[in-house]
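When the chains are written out, they are named A, B and C in that same order, and each has its own residue count from 1.
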């Protein structure tokens, strides 16, 4: 038992899980940070990205890694359409009261139900998987499959790139500014509409990419998106609402917690761990480990 | 008889000392005006008295009993009601429902909804909102909503009303009307009022006594004329050249 | 005004339910089954509305009370008569609501919504683990009462739930909850004991779903936590009340009837299509008709 715990194997699995969660949560964090919208359909984007990769591979033989840019762009386009078609109008009606926020959450939930069931009708509910890069490589006493390694590397690279963009590029700074202080951002000339639009497209794109990466190692099914939404919420709230860097650290923590937790108990406990952390985080530190905005009286 | 006694009340949040050892008392039946620049601590003072926040130190006594540790609803039932600087009507309910709620829950003197509703209707009349009793609170103009704030506080049956800028944003005519209403209510119901106001002319006219807060400290206290000519007050409000 | 509307509505619904009790005399098993389903949804939606429609704390995890009640009845089936296990189921759910109430009700708005969902899922997975540890992947109930008895029980629960909802709406508790929904801090400042009232609403809204869960366990004679704690039950409750209208005693009934009818046509052939329609209707109503059908009808009549 101790050897398993101390092995690099688990650590690697935890890192891979953490990186995936970070990528999934990134989109939610951006959308929430800039528009204060809790997008419950987020996990469904992951699911759709997974299906896209699956169909690309099984129908056209395209490697999921090669399909990534296409999937990202497709999802980004979807995000763009959703923003211009739906959300801009909703936000324009100054829905500030908590009750309207609850209603908008229900709205998202309804959309999520629709997406999941359309997917179930279109693809049937049978989980689907495929084999890609599943050869095992050995590094010392750590055995890794190629696909998990690839997923980790791609996710890490993307995260680094996005983080750099947010820190260094002027548009990224504008995004962070909008997240920090909305009114202030407008005053210094940030084009709020463009930045919100960007966070939407970036968010959708990164979620779909995460889904595509996940599809290499996990099966896709229409209702599998929800746990990822929950995980994304855990990461976003634990890391502090709107804090991208905090979110990444929280994602890593969640990956560690889940991987080691499951190793110590059993895989049946994976869901208990996830929802347990979720409930705990919402009840005890609702402003997150790094954030400042309180959601409790 | 001192209805309200504030003793060495202090409030600190983060690095800010919002109130610093504020002490004063209000005799029954008096109207005390509270003035000071924005951020001077006036609304914080109200929040502390009404129980919306806990002080860092100090004490508030109402009718010689401490309000320490009481929740806002408990403070209300003791007989203290406050209005909010930014109006907070029950927007989805009608005016009569807004005020009936206050009547039902305030000092709970009514037996049953019918009695509470009748009392609420009477209060709405006194605030000149009677003809719009069935309108949704969210549909009122600012002046109406300010009057609704006062009506609700009144309907609780409270003996001490803390009125937070009930004239802010009103036209001069509306300010005059509100001033008259407040004076009439004070006279007919024997209320004790503590009033925060920026409309200084109205405040001077209304109050028996004025308190001046600056950066959390009480810097002047006394009759309106005296405070208006206090050199410290003049310096802070109008600058050295006064 | 609201009190004047509620009393005739209450009496009307109770009269309809009393009439519905005659159904088994005239109908086939299929229709009794439909009646069972309808009575179940009325009992569930009226209970949910007591908390969420009145106070504004929208619970997306209400199935947890239903599931706990199911579990209690199933686990005590061999040992307790139904007359004891059903009230026990209701009490267990109410107790659970009481225990989680204080911490959970401190969370506001959309966070409360997802928290309630999280709590329901957590309880589900814990129960799955508990059952697995005892070697039960699922449980079977033998010797359950017949359809007519179940129908009568559910009709009774529907009546009770409507009575409870009506009573609360017409008393001070209801008025206080409405004020909490509009502006919780202002309500507290005006003397409403917000914490106590929210907790009371939660506990009251949990009890009957517990009993309903117990009866439905007997209907299906099969208990598997993963199936019983189905989030779609929570979702359906919400959709029915929003579509029917939350601020009216008749709303949940109208929503339940409408959606049960649609599901009768679609459930066997295309359950996903039913869910899509449910989702679409919810979205449409939240966006365009937030007061539901009752609210719309009322406005039309007063014009």
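In the analysis below, contacts are C-beta pairs under 8 Å (C-beta built on N, C-alpha and C of every residue); 3 or more make two chains touch, one makes a residue touch a chain.
Since we're looking at a predicted model, the values are computed, not measured.
Looking at the partners of subunit B and subunit C together, they share no chain. Comparing each chain's Cα centroid with the centroid of every protein Cα atom identifies chain C as the most central.
Chain centres here are Cα averages; for subunit B and subunit C they lie 42 Å apart.
With centres set at the average Cα position, the gap from subunit A to subunit C is 32 Å. The mean-CA centres of subunit A and subunit B are about 48 angstrom from one another, to the nearest whole unit.
Multi-chain contact residues of subunit C (touching two or more other chains) are listed as 181, 185. Residues of subunit B that touch subunit C in their complex: 50, 52, 71-73, 76-77, 81-82, 84, 88-93, 96-97, 100-102, 104-108, 113, 152-153, 156. Within the complex, the subunit C residues that touch subunit B are 1-3, 172, 175-176, 178-179, 181-183, 185-195. For subunit C in complex with subunit A, the residues that touch the partner chain are 56, 58, 60, 103-104, 106-115, 118-119, 121-122, 125-126, 128-129, 132, 181, 184-185, 235, 238-239, 242, 270, 272-273, 275-276, 278-280, 282-283, 286-287, 290. Interface of subunit A with subunit C (complex): residues 38, 40, 98-99, 101-107, 109-114, 116-118, 120-121, 230, 233, 268-269, 271-272, 275-276, 278-279, 282-283, 286, 295-297.
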